[in-house]
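Heads up, there are several structures right after this.
In what comes next, chain A is part of two complexes: it sits with chain B in the first one and with chain C in the second one.
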Partner chain A sequence: MWLLLCAADDVPALWAATRLTARGLDPLVVLTPELLHYSFRWEHRLHSHGASSISFTLADGRRIDSAAIRGVLNRLPFVPPHIVGRLVAADRQYALQEWTALHMSWLSSLRAPVLNLPVMEGLCGAWRHPSEWAWLAGEAGLTTEVYQQGVPGGTAFPHAAITTRGAAMVRTVIAIDGQGIDEHLAEDLCDSCGRLGVLAKTRLLGVDLDARTGAFIGASPRPDLREGGEPVIEALFSSLSGRA
Partner chain B sequence: MILLLGIPTESPLALVRGRLDELGAPYLLVSQRRFEDVPFRFQVSQGRVTGELTVDGKRYALEDFTAVYTRLMDHQSLPEVANEPQEAPRRLLARDWHDAVLRWYEIAPIRVVNRTAPMGSNSSKPFQAQAVTRRGFFTPETLITNDPELARAFIAEHRRVVFKSTSGIRSIVREVDEDDLRRIDAIRSCPVQFQAYVEGRNVRVHTVGDEVFSTGISTEATDYRYAHRQHGEPAVLEAVEVSDDLAAQCRALARDLELPFAGLDLKITPADEVYCFEVNPSPAYSYYESHTGQPISAALARYLVGGASHS
Partner chain C sequence: MAKKTKPAGTAQPTRRSRPAPQKPETREGAELIVIAKAAAGLRVRRGGAEVASLGGANVRGLKSVLAGGVRFVPLFGNEDRVVARAAAAAAETGRGGPDLSVFYKVEAPTAQLSALARALLDDDSVEAAYVKPAAEPPVMNDVPPDMNDAPPVTPDFTASQIYLGAAPGGVEALSAHTRPGGKGDNIRIIDIEGAWRFSHEDLMQVQGGVVGGVSSTDIGWRNHGTAVIGEFGGDLSAFGVTGIAPNANTRAISIFGPGQGSAKAIHDAADLLSPGDVILIELHRPGPRFNFANRGDQLGYIAVEWWEDDWAAIKYATNKGVIVVEAAGNGAENLDDGIYSVKPAGFPAAWTNPFNRGNRDSGAILVGAGAPPPGTHGRDHGPDRSRLDFSNYGASVDTQGWGREVTTCGYGNLQGGSNEDLWYTDTFSGTSSASPIIVGVVASLQGNRKAQGQPVYTPAQVRTKLRSTGSTQNDAPGRPATQRIGNRPNLKQLIGGIVKPLKEVAKDVIKDKELKAEKLEIKEHKVEAKEVKNEAKEVKTEKLEIKEVQKEKVEVKEIQKELDKQVDKQFEKQIDKQLEKRVEKRVEKRTEKLADGGQGGLGGGGTPQAGAFEARLGALEAAVSQLTHFIGSQLRPDLSQGALTGEGDLGGMQQQLEGEGAAAKWEKDNTEG
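And now, the complex of A and B:
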């Protein structure tokens, strides 16, 4: 089976789910944070030599087992606070961190491809600071606005973050496994977007560019997949089916 | 020049400062309590990171720093802001100053001990354990579960079992006892990490770049950090030697985790199996140095100075 982890209102993810299933990722099980956390009998084992396993039982009785997982499209942004709402206030932050730590581990332990692996900066990939994106984008060969941040003269001023200021339209390029996917974009820009994904160590990355100038605006590990259309579905299918 | 950040009197920072003085190495020590009168700004342009900070009227280009040792504490606890309302200008200033400094050294192309992002592996112990075993260390048999029956079976199988937090939140490692078994149904609310108890000798290894310092720790307590509380007596520390292979393994693991400075908690069994329980990304090394005389601070200073040859 394949897993799609996403919020219930993640329309781009659900759009991708129907198309990936039609392509052959079947069965594709969609799991929302609520389904995950209201499941029971979580069993994550790590053995002394390094082997590991995960299994849990959904509320409807279906059992999810690592041995049967062939790939994961992971768009879990975070563990939603309402999951621990029934706990006493003093325990809620602790429980959120414990659940986050568990998800970081079991997703990383899978032998199957996972797009994206969880990291400290985000369960579905790194939500990097604008300064870091500006730096990485420059390293990747993308044109960027100057990013400034600081506290001059003892007075705070807001981050001069890269914004859509002046950008009439934003073009989102989806980069998967180092390949920027956009048939209508110049090859060098596509390559730079792919390079950014590699530098950011994020297998699935949405790169926002100024549609007019091609300048970098921002990036996200949870992009709107619909922006890439069927070529993105094709690339996702290849990566998740192990054919990439 | 080396930049030191934090509270000047805090032992780990003070020790490194002293070692840099011994080496005659140029450094600038900035107390984080001076956030109000140390202007700091940086910028990123086409991948290049530049900026400046001003201390007592003197401007320093950030590009002139070749290394940073950061021991910044949580700015919200600073005496200057601890009693301020949440939206007080002073508190916001402290927040923005610390954020700017941290954001700069996260991307600056210099040696940093340690950047924040790599420290994240410690926010999930089993996540970090996977990196540990990839380097050939053993990790205790581990079960993370919210099912009391699975937990009871694991405890029955391994007889001696400890439990601890799964995340980076500090917990006191304790053995499961009868009282814990009576309340084990409580784990349904949140998964708990259980591990088989490992017999053996505690060894703490500090890696600083390519240098390795090993400290043997003798105690009957389950968690040597709380030996006095758990067993009534503090742990006894002494400098020990480990094999060249083990030292190389420790260095490699620290590099895998992108930690120029790391504290590895090992246990060596009677059968010479080496278990690694945790790689601490912000080791309070002064405790070990003060008990054993091992010159960890000197190694840190050498590592920071070595940044000049790599910039």
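And now, the complex of A and C:
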């Protein structure tokens, strides 16, 4: 069994789901935040010798057990607040934090591949400040705008060049397990995108580049997978099926 | 190659092109806030010139500061009165709140505030002392007015107010206007900022003017306040603009004036309002990103609730049931960034980051700025409902309004001239322009509740509704929807019959579908029963007819016998023939009649009809076999290589998942009570 954690309206995820299932990731169970959080019984055991297990029963009776999970495509950036709407106001924030902690724990404890593992800065991978992305992109060998924060037209630069380039043609490169996937892109750029994924400690990463110059614009651990087409599906299939 | 393109706008305002904003009364607006230890029981006398401790704390440090000629003013009014009022409010609402009696404001020359804060922190009775940088209006467009005088009658600008219109571009305000109370009837709004032009020609009908503080004389503040109020309070008339909630009563409290400040303004507004009414905080101030420095580009500016006294005042208001709408700020900041969890020097020891609602929740609705539909007023700011680059974002930002291209009163670049009362703009921007849209929506929603005799929504309910309905945020290059500013509201969903959250709607849709399926099944059963009944009737009729024919045959035979006896042999054969012919004819006639009336019946004798049907079918098959493709195979595109090859029914999947989620919630709610 493979799991896809995503919102019901996460069209890129559903797009990927149909293709991954066709390739053989079957059964692929799509779990929305609502299905996860309105489930009935969670058992998460962390044993003293390092083993762990997770099992929960969905409202429709389906049981999810870690022993049967062979891979997870995780696209939930955080626990959506509406799922604790049934609680009294004073308990909601507490409940959200508890849910977050639980998800971080069980996803991290799975032996199966998880793209992406949760971290403190986001359940499906870290969300970083534009300056941090710019620095990491530079380290990965991508061309970046000089990143300075200051007064436009004054002593310095726009605070985030990457957010003021709306009119640019953007090309999104999906990097999976350290490999930039775009057969039409120059190899060194592809490699740099892959390196950025490694530096960001994010197995699945979307890297936005200026289509004309190749300069780095932004990155996201929850990219639009459709941008990468079938090659990305192939790479995802390999990673999630353990064939990578 | 994967590409995303965005058409170049005709006049896309950016940070580079934006004129330096005016900074009305910036540094002078800084405030030194002191929070006393509750146990000290401080009481200020003689207009802030003397201080004593009911708890016996050593206040010599405080007294020495006061000896320097500064005033120590209870921020929310006389301490004993604040305590009494809080107790009454708690008894009424059943909710406690922050102790507002321990907040003070030090009135001294701005240049001395930092040094005074450090000195006050040494006093045993002081829990916290910090300087709040001056608040500013979160506006992105200070533009000069058109110098041409206005025409004798102002044109009707409502066609430019696309935000009033249909979703997803607008918030469905015009639709809400047709609903009872949907114009904000019997709802009161207080806007908190610096100045307004209440004599404006389009703000005359339902307003109560400035009810607290002293308005700034700065034209930047005045344009800003006028534009803000025009969005929700523009009069219903044949000229100018129309507000989202034009029947709501609109008033204002300034943050300026003796003893005044943002927190006091919020607190005073809360005291003037009832549950369901609305406070709008049209302020933001420099945060820690750039060391709290006021700056022209507003980078690093954040929502005011980050400061303890403002948070306490907002909490006081929301505890009362007053809806507080707060601009998230134009600092281009991720409010989830760790920098906002670092407690600055001088803040209370127990202070935690309020942008992380896991720590604590003011109850306010934080508003981000989203792009209007591309092409609005001939300009393009990116995909509709995508985050504008200046807007703060994060998990605590609840909803979005238009952050560009807002047509409203003030500024004078749409209609200018020498008379400010006739000024209009169509470029009001920022979280400044976004927040009043939400205020109008909330007032419309609450007005409708009142008109229906329903209890008004609580702040938490309003927030939940805004988060769970509306038009979703879109991605933009470099500004993915995961940089949350929330949905754009849709009043049609909120009050137009779809009053339930989407999940409940999904549940209802499922129920409706099931009900429809059941009804259809029953209908089909009824039709079947009717058909069987008809068939039985036909069989009965046929049986009777057959009996009649048989009876006739018997009669004919009897006649024949009689004739046999009576006529001679010569006539016998002729008569026999005649009789036989007669019988055959009658039988044939009956048989044909039965066959004509017996379609679908049990004894319908369908042979002749089946033959006709087969003939028709054969003709059809022959015709189909003659058909050919009218587009030849060489002219057809090779769809096997298309991007959407094998595209499943993603919409169907989405609906199914939403349905499953709604069903799961229903199960959970009904199983666990």
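Observations on the model:
Convention: the second predicted complex is superposed on the first by the 228 of 244 C-alpha atoms of A that agree within 3 Å, B and C clash if a C-alpha of one lies under 4 Å from a C-alpha of the other, contacts with A are read in each partner's own complex, and residues count from 1 in each chain.
Everything that follows uses one rule, which is that contacts are C-beta pairs under 8 Å (C-beta built on N, C-alpha and C of every residue); 3 or more make two chains touch, one makes a residue touch a chain.
Everything numeric in this text was worked out from a predicted model, so none of it was measured.
Superposition of the two complexes onto chain A shows a clash between chain B and chain C. Of the two partner chains, chain B is the only one that A:45 touches; chain C does not reach it.
Shared-chain residue A:195: touches no atom of chain B or chain C.
With both complexes superposed, C is the one of chain B and chain C in contact with more chain A residues.
Once the two complexes are laid over each other on the shared chain, residue contacts for A:129 go to chain B and to chain C alike.
In the superposition on chain A, A:108 makes contact with chain B only, while chain C stays out of contact range.
With both structures placed on the common chain, the touch criterion links A:59 to chain C but leaves chain B unconnected. Touch criterion not met for A:203: it reaches neither chain B nor chain C. Applying the stated contact rule after C-alpha superposition, one finds that A:94 touches each of chain B and chain C. Shared contact residues of chain A with chain B and chain C: 40, 94, 97, 129, 149, 151-154.
Of all residues in chain B, those touching chain A in their complex are 35-37, 39-49, 51, 89, 92-93, 96-97, 99-100, 103-104, 106-107, 117, 119-121, 123-127, 129-130, 133-134, 138-147, 150, 165-169, 188-191, 275.
On the side of chain A, the complex with chain B involves touching residues 40-50, 52, 84, 87, 91, 94-95, 97-102, 104-105, 108-109, 118-121, 129, 131-132, 134-135, 137-139, 143-144, 146-156.
The part of chain A that touches chain C in the complex is made up of residues 8-9, 11, 14-15, 17-19, 22, 30, 32-35, 38-40, 58-60, 77-78, 81-82, 85-86, 89, 92-94, 96-97, 127, 129, 149, 151-154, 158-160, 162-173, 182, 184, 208, 211, 217-218, 220, 222, 224, 226-229.
Looking at the complex, you find that chain C touches chain A at residues 1-6, 8-9, 12, 14-16, 18, 289-290, 295-297, 299, 332, 334, 336-337, 357-361, 381-382, 389, 395, 460, 464, 467-468, 472, 475-480, 482, 501, 503, 643, 646-648, 650, 653-654, 657-658, 660-665, 667-669, 671.
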